[in-house]
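The structures considered in this document are given below.
One chain, subunit A, links the two complexes that follow: it is found with subunit B in the first and with subunit C in the second.
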Partner chain A sequence: MKRDRTPLFIALVFLFVISFGFLLPQWAMFIVTIAIARGLVALGLMLLLRAGLVSFGQALYYCLGAYAAGALGRFFGLSDIYVQMLAGGALAAGFAFVLGFLLARYRGIFFGLLSLALSMILYGLLVKNEALGSTDGFNILPSALFGTRPEAGWVRYAVMASAAVVALLAALLVHRYLNTPLGRLAPAIKDNEIRVEYMGASARRAVHVKYVIAAALAGIGGALAATTVGHIDPEMAYWTTSGEFIFITILAGTGSVVAPFLGAMIFGIIHTVAFDISPNTWQMSLGISLLLLIVFLPEGLWSLFSRLRWR
Partner chain B sequence: MKIVNVTHGSFYALGAYAGASLTGAWLARGYPPALSYAVLLVAALGITLVFAPLIERGILRFMYAKDEAVILLITYALFLVLEDVIKLIWGVNPYFIAEPYALLGSFQVAGMAYPTYNLILIALAVIFGGGLAWLLNSTRVGKLLRAVIHDPEVSRAMGVNVGRYYLVTFTIGSLLAALAGSFTAPTVSVVPGLGVEIIVLSFAVVVIGGLGSLPGAALGAVIVGLVRSFSVHYLPSVELFVIYFVMAAVLAVRPRGLFSLEEPRKI
Partner chain C sequence: MVAFLTPQMAIILDTKNLCKTFGAVTAAHEVSAAIEKDSVVGLIGTNGAGKTTFINMITGYIKPDKGTIEYDGHDITRLPPREIMRLGISRSFQVPQLYGSLGVFDNMMVGLGIVLSNAGLGGYFSRGSALVPGYGRPAEEVAEHLLGRFGLLEYRDRNAQVLPGGARKLLDIALTMVARPRILLLDEPTSGVSAEEKFGIMEMVMKAVKAEGATVLFVEHDMEVVSRFAQRVLAFYDGRIIVDAPPQQALEDPEVRRYVAGKRDPLERTSA
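This part shows the complex of A and B:
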């Protein structure tokens, strides 16, 4: 069997970001951090996509994570990055565990639309909630690290490095999970669920587990985005946000745990460049690139790499 | 057609913009405002005949073999493109045309004033809903259409021009969305983002009713409308999400919607 080089690759990328990241200008650090946050969400979506499930409501957990982080600062004065991410992930996972009993029964289009409905419920709740700032949302305390506030120039780097640490852990864990029996069940569920059941495995349980993992990752991503941007609003739960995450996941492909992060980075670049060139038509550039991807690279950007390797 | 079509929201918006701008131009020239209803109709028809065949022939017809979820993504991508096309054509400023709405005045029922224009909307909905049901269930074209959707391959083997049926179906569907948009235009201000709001609402409607079922969609629309009005009246704070709550509740009890059809599973 070929040796698995992915963990080594992940570690190298991580070391690269940590050791050379501080050379980046501040705005680039911002883009990288947001890309990592989105990459975490896309990583979870990738897990679901491998089982043939497209969640059109992952923004639900992204937003939950962000509001968990925000609420910690607002009501308890806590703004430690790791505490925020932990809280975001835990809250999202808790909700997903409960909702998973309902959602794990659905497949295909109904799974997508039901998750969409759930995220829109959260959006509706937040918009009407005065205590949490209604449609305006609220600002988040400046990020802290282990109880200390990094100096002004170093905050972005500290957040980015913490994001990289979490992304490293998440990528390694998910990579391991993909090689467990439960993780390997995903493509089988996509192909033929009834045969999976005949083999004695529970498709519903497998989907439930994946759903909770995906939600936890989205929650962490949301908390990270919240502390990076410094502001949160209900728009984070709107269905167009979910659409962006799906875009990233499709862009990246399901070939490797590195792919979602790469996809998120490219999405960030497309977004920034397109927005810079023509602020009123960046959606069009997104739409056209999504169409081209589905037509010419249905397996995502990652398939370019794996094709090269096979030759 | 087994397509969950996000582009539908764009057609709603396109219809609204076309209706608003064409009627605006009509009234600005001083033509009789009584005919503005016909102008709204023509606007919807025109805009659909431009965009629907373009999208179906140009893009969608190559995609039918793909997975439902992938088609959803494709229409989402098209939706993003069309959102900006709308902005490019009509700009980002709101359009108002209140004349067709104000012209008819209002009438009194039990001491409450109702705008007469709403009667027109109701009549239109009944006419088009009934017409569609008649078309699908009682005409040769409708029956062939259902056959095509059920099994395109066998239909093609039987000599049906499947491609043409897909085109016609997509155009009629889009036309309905555009009509809805153009006739709603006089009651609202037409702004960017119109399509975003309507599409998730219509998803809720058809999912509650059961995908692919006409009576289901009608019942779903009634449920959504009533639930929303009641919540606005009694509990305004839940208005925004009560529809999705109903949708989730319906799906929890009947996983494929109220009027869902039995579907065989692959083993």
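This part shows the complex of A and C:
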């Protein structure tokens, strides 16, 4: 039996970020933290994609997570980063649990468009809501860690390290889930749902569970992004935000739980560099990157590692 | 109709007055059959006679408009396929239903994973290293064991989508065995397989299935296969069971000869 090296690899990356992350300039810490936030959303999308489902509306849960984090500070004065992420994940999971009863019945384009419709409903509600800042959104309280506020120069590192801890736990748990019988069901659902039912499993229940996990991860990612940026607005639920997450997931591939974080990091770098070089046409650079990827690496960046391993 | 059943046999599956229509087409009309434990029953009939509808109703794929299906004392008439399967009834398909992107071994492991989960031994955050119910062995060992039984070990690491026709059929049937069913319904297990392979495949399937201990109902068009492997034959025509008898008796029955085999008696031809 082949030894599973993924947990060790995840732990090493985590240790590297914690040990040497403080050497990074502040702007780089910001990019890494946002990449982790997006990576968490993409990790959830990866779970769905393995079962053949593409959610065009994952921004719904990203935005819910962000607003949960913001509301904690605005209405209760809470700004502890772990509490914010916990609230974001829990709110998103709760909504997904309810909406999942509807969404788990659909497959293919219907699943995708229904998820998109739901995210746009949230966008519409937030835009019209004065108490939550309408189209402008609102600023959220500076981050605290276990009740204390880190010194000004260390805030970014504290947030990044906290994000790394959550990413480590999420990646390990999802990796373990993928190796359980029900985790292994994803490609089977994608291939042949009739056979899954005739083997005694409920494909709908399995999809529902994956949907809730994906939403919780997106909610945590949203809360993390909110506390990192310090501001939230309805654009976080807009369809283009969902598009970015799909971009990252396809860029990364579904071969490993590490892939979404790698994809998010590369997305962040392409985005930053393209914006720096050409602020008005950075979307074109992203488009060309995706085009090249689909032509040359249709199974995503992670397939490069898989190929190297097989040689 | 001749009912073929002796009083001392234990009934494991009992269908009573099953009716099913699709618009103007009657797919099942008052279909009743009591299937005894450990028997091998062949279902014969022309296309559209109601054989697959009968299997589909037993396995929950379609619900009868009228009638009841009892399995070992449980009324399973309205249960969904997964619950019927969990009770011990499995089926294979005319067109093999496999997980095409996975390897042969992984196909088996997915099935065994479901069995473990249903037994509460492989939940969302466990690796399912428990022993498979009915086999008392770890999942990997059971997968190897079943692949061996069905002669599929040579294809172990091959993708299911690129298997030869006969191997695809066998894998489809092997998948039905992971939960160690008490009743196995095989829908045309030798269709799409060359004439030379047919008997070899049926021999292997019957040997494996009987070794695991299951009652078998199989749909078959080849009367030689039926007469060799079935202990009892249910002949279908126009949504009804027209004959229920041992193979030789059933295959010689005038109604079966006329409606199933398409042969007419010489006397009848003369008088017509």
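Note that the second predicted complex is superposed on the first by the 311 of 311 C-alpha atoms of A that agree within 3 Å, B and C clash if a C-alpha of one lies under 4 Å from a C-alpha of the other, contacts with A are read in each partner's own complex, and residues count from 1 in each chain.
As a convention for this text, a residue touches a chain if its C-beta (ideal position, glycine included) is under 8 Å from a C-beta of that chain, and two chains touch if they have at least 3 such contacts.
Everything quoted here is computed from the prediction, not taken from an experiment.
Undergrad: Considering only touches as defined above, state whether A:Arg105 meets subunit B (first), subunit C (second), both or neither.
TA: In the superposition, A:Arg105 contacts subunit B only.
Undergrad: For the overlaid complexes, name the partner, subunit B or subunit C, with more touching residues on subunit A.
TA: B
Undergrad: What is the contact status of A:Pro187 with respect to subunit B (first) and subunit C (second): first, second, both, or neither?
TA: Second partner only, subunit C.
Undergrad: Considering only touches as defined above, state whether A:Tyr177 meets subunit B (first), subunit C (second), both or neither.
TA: In the superposition, A:Tyr177 contacts subunit C only.
Undergrad: Between subunit B (first) and subunit C (second), which, if any, makes contact with A:Leu290: first, second, both or neither?
TA: The first partner, subunit B, only.
Undergrad: Counting contacts the way the document defines them, which residues of subunit A are shared by the two interfaces, the one with subunit B and the one with subunit C?
TA: Subunit A residues touching both partners: 192, 194-195.
Undergrad: Which of the residues in subunit B come into contact with subunit A in the complex?
TA: Subunit B residues touching subunit A: 4, 59, 62-63, 66-70, 72-74, 76-81, 83-85, 87-88, 92, 196, 200, 203-204, 207, 211, 237-242, 244-245, 247-248, 251-252, 255-256, 265-267.
Undergrad: In the complex, go through subunit A and note every residue touching subunit B.
TA: 52, 54, 56, 102, 105-106, 108-110, 112-114, 116-118, 120-125, 127-128, 192, 194-195, 239-240, 243, 246, 250, 280-284, 286-288, 290-291, 294-295, 298
Undergrad: If you look only at subunit A, which of its residues touch subunit C in the complex?
TA: By the definition above, subunit A touches subunit C via 173, 176-177, 179-185, 187-188, 190-192, 194-202, 209.
Undergrad: Would you mind writing out the residues of subunit C in touch with subunit A in their complex?
TA: So the residues of subunit C touching subunit A come out as 59, 80-82, 85-86, 90-91, 97-102, 106, 109-118, 122-128, 175-176, 178-179.
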